[in-house]
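The two complexes that follow have subunit A in common; it is paired with subunit B in the first and with subunit C in the second.
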Partner chain A sequence: MSLLASLARGAEIPVFAAIGAGGLAPVETLRRRPGLRLVDTPRHARVLLVAGEVDAAHATALERLHAQLARPRATVWWRAPRLFDRGEIADGDDPTGAIRRAAETDEPDQRPDLPPHPWEGIGPHGQGGMGMMGGTPYGRPMAMTAEDIRDGLALDAYRARFGPFLPMLPPGLALDLTLQGDVIVAAGVAAPPYPQGAESDAPGPCAARMLRLMGIGPRAARARGALAALPRGSGMRRRLAAWVDGARVDETPRPLPDALPGRDWTGAALWLASFAPSRLRAACLKPEAA
Partner chain B sequence: MTEIAMPLVLVLLAVAFAWGLQRLGPEAGATWPHRAPFLGGGVPQTHAWQRWHARYYPMTLLFIAFEMEMMFMYPWAVVYIETGTKALAEMGMFLGILSVGILYGWREGVFRWQ
Partner chain C sequence: MIAATLYLLLALPPLVWAAAVFDRIGTGRGALLAGPLRNGAALLLRPVAPTEAPDRLNRLLAPGWYLALALVGLSVVPLAPGLVASDLSTGLVLWGACEALTVVVVFLHGWSPNAPFPLLGAYRYVAIALPAMLLSMFVLIGAALPAQSLSVGAVVEAQREVWNLVRQPLGLPLFMALGLALTLRGPFDYAGGAELAGGTSAEESGPALAAWRLARAAMLVAFSAMAATAFLGGYLGPVLPGPLWLLLKTLAVMAATVAAGRFFARMPPARMLTLLWVVLLPLSFANLALVGIEVLP
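Then we have the complex of A and B:
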């Protein structure tokens, strides 16, 4: 083995964690484990770690993540049944060994190498429709301006599905959002968050998740500025203060389609993180039961 | 000859460099699903080509209007005494044109403090 290869073997392995049911608390323990580094996007990752059982309905979403890891890539299924036939399986408390083994391998694409929306070359310039702004280039309609709810400056409305494995959203939560700039103008819940264990509702992990979203280290959590960084009047300050003091927060959020519009993207991510995972899941499930 | 050839060679080198980076870079040969934007497994439903409002633009417009006034007023003040009424009329026309821009900014709400 060359010196370079042995050095590379000793390096930290960047891991992107796609968290499934009951995977939130176990992934939290990986942050302290040497030799691994949890990253926020699959672009920076070497290994895709699927932690906890993932709904079969999200198999395509998982395959998309898999394809977004740069080659060489690998998959580890930690306490999760395989949804596609690649990668290593890890069952115990420590997936490090499986991740190390996986990091020696390379997996080919899981998704077919086809454009997600086929090119529809019609119209005078092949743009897929008639006129300058019309049409559906690559099968997706152009964004068009819509009424603005913030200050009257109309921006193009952008519609997309965010989640279910977006690191700033609770794992499993898939949102159909319409954004103008960074302001959410309409929201729909496509999939509720996965059930997590009771340990995920504990004040410590909840505060840690929220502070990490805010980019504030744990030592600065008790500083006055940490709370002042949150928008006033949304209850976020109160809930984070309670968590930092070690108290449980049992508030249930309003239904997301009512509560999210009007918030900006980062404010919405923080607002979602300011509720205990079980309460947020309850709020997302309630409209279906009613 | 060199004056023309040198920039031409530099431009060709720059183009070749950019092209080479594109061919050798991390995204070279990337598959379609790899190039998709990262939305945590979701997909965008609208095209990525969209217009954003440059929110500072009315303020820029106002700044330019007043700055142009000042730029012209300094040399104007130097020659004002010897040129006389003609200079006054010219400055009046100039300010008239610029004030149209300021009125437009007013209509766009640039003077509202938010």
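Then we have the complex of A and C:
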């Protein structure tokens, strides 16, 4: 055990970044920092890094995210005001020191270990109601068979909120989605993406974010091949091509509730990533203004 | 047979470590050699996070099954003439069974935590891996045709004059596509991937995650050894002893597979499905037809 512990002392610290306003570009600079590793899910992380100001309306979501990290765990607030009274604040350009210190500590649960909603299922396992299913156990409606919009293969429709800290979606964007398999059949915007600095709209970072969703690094030579991986004639391909060539993309997406249904999960994530963060935010804010 | 099993079990840990080192090269993180060991140790010391109403048995067993499939698949690879752990006259069929069961095991891995992203990854993987496995069947039949045998030993011996890589140049690239699917990597990593926050592994942590990653690396070793045997002449080679040739070729295929995983972008699944059924499968038929014409007397 002590051998394992001494070996583990030199390990990289897995960090999950919950990105707030203005946090997108700074987190990008951590990606190649030795000693840290940004991970895609809080389950793989030791430290929760809150980068940039998180809307107080998302405090509960952040606390739930905190509970997703297995203990021992710790929080670092980087250029972000605290939303709950745990962890350390890091203000400078480099939170590495704070993250290292945090990785030596442990924090108890922020929320009581209770279901977020009351049990409203029918039957002891939620299996009552129609056929085998029914009710809304713990606030999540049971998946029920519904009409399919793509290929007529009727699957159970699953409704849930996705976001605001999912790493494959623009930070802050929370979507109420109905999924059949991995196809989105209905979408609503529960919260728009956070504002990001102008540097996040630059072609380089935009291309890198999109390519990361496709599993490859940002080098240009690879990126040219990556274009062929996207459907020919699609806007995604055109926009990625522009970014790879170093051109800015100023297209504004259609409103998400119209544009997302019919796309599968991957297609939707890529489509969202194929717009500059500021344009996507504008598209999500517009319906409220109208 | 016992000797071959022992050699395989001795060679596997360093090869798994080599796979992890290959994965680290070019990521700019440093600590190439020690990094994987340190991170593995740190992972072992973390707890396994519970999920709500999981399928506990399958969650526990999935990494073990994956590792077992890699080991069984590896066991049909001859290390030298007559030195093979499972000396079957139908070794290629056993390997094919391991491929097919990998689809089931990856599905169980995504199914068992009872969470949306792992489940999406599981279904997506099944949809893509099924045609990828079909592909490999045709490619392997192509490799078996010149030997007129399904025994892996006979497939190697049939390459004494010329490697299958030369005789059927389409075989190895098509087989590599399968290797990427078997080892959940790069363009065929439909079980995981950044767009699903890790997919089937999204809810895993601690030793369970370490075990899954270990099994995945072991599968890369098994696949590379098989590819080296079926297309690069396995243990055949001048001067050096046979097992050393096999080791070198296995490392070469491993490096090539890791590189291919980094080079090719992952398509949206619907596009990949079209590519598999419309382009790659017909290519594998063409490969098989060409091999058939070659071996006509």
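In this section, the second predicted complex is superposed on the first by the 248 of 290 C-alpha atoms of A that agree within 3 Å, B and C clash if a C-alpha of one lies under 4 Å from a C-alpha of the other, contacts with A are read in each partner's own complex, and residues count from 1 in each chain.
Throughout what follows, a contact is a pair of C-beta atoms (placed from the backbone, for glycine too) under 8 Å apart; a residue touches a chain by one contact, two chains touch by 3 or more.
Just so it is clear, the model here is predicted, and its values are computed rather than measured.
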Check whether A:181 is in contact with subunit B, with subunit C, with both or with neither, and answer first, second, both or neither.
-> both
Using the touch definition from the top, say if A:217 reaches subunit B (first), subunit C (second), both or neither.
-> second
Given the touch rule stated above, what does A:44 touch, subunit B (first), subunit C (second), both, or neither?
-> second
Kindly classify A:10 by the partners it touches after superposition: subunit B alone (first), subunit C alone (second), both, or neither?
-> second
What is the contact status of A:160 with respect to subunit B (first) and subunit C (second): first, second, both, or neither?
-> both
Just subunit B (first), just subunit C (second), both, or neither: which does A:270 touch?
-> second
Go through the superposed model and pick first if A:70 touches only subunit B, second if only subunit C, both, or neither.
-> both
Interface residues of subunit A shared between complexes with subunit B and subunit C | 41, 43, 68, 70, 158, 160, 166-167, 181
What part of subunit A is in contact with subunit C in the complex they form?
-> 4-5, 7-12, 32, 34, 37, 39-41, 43-44, 46, 68, 70-71, 125, 158, 160, 166-168, 179, 181-182, 211-217, 222, 225-226, 228-231, 264-267, 269-270
Touch list for subunit B against partner subunit A, complex = 26, 31-34, 36, 38-47, 49-53, 55, 114
Given the complex, residues on subunit A that touch subunit B span 18, 41-43, 58, 60-65, 67-68, 70, 109, 111-116, 136-138, 140-143, 145, 151, 153-167, 169, 174, 176, 181
Residues of subunit C that touch subunit A when the two form their complex | 28-31, 34-35, 37-39, 41-42, 44-49, 53, 116-117, 120, 123-124, 186-187, 189, 193-198, 201-206, 209, 261-271
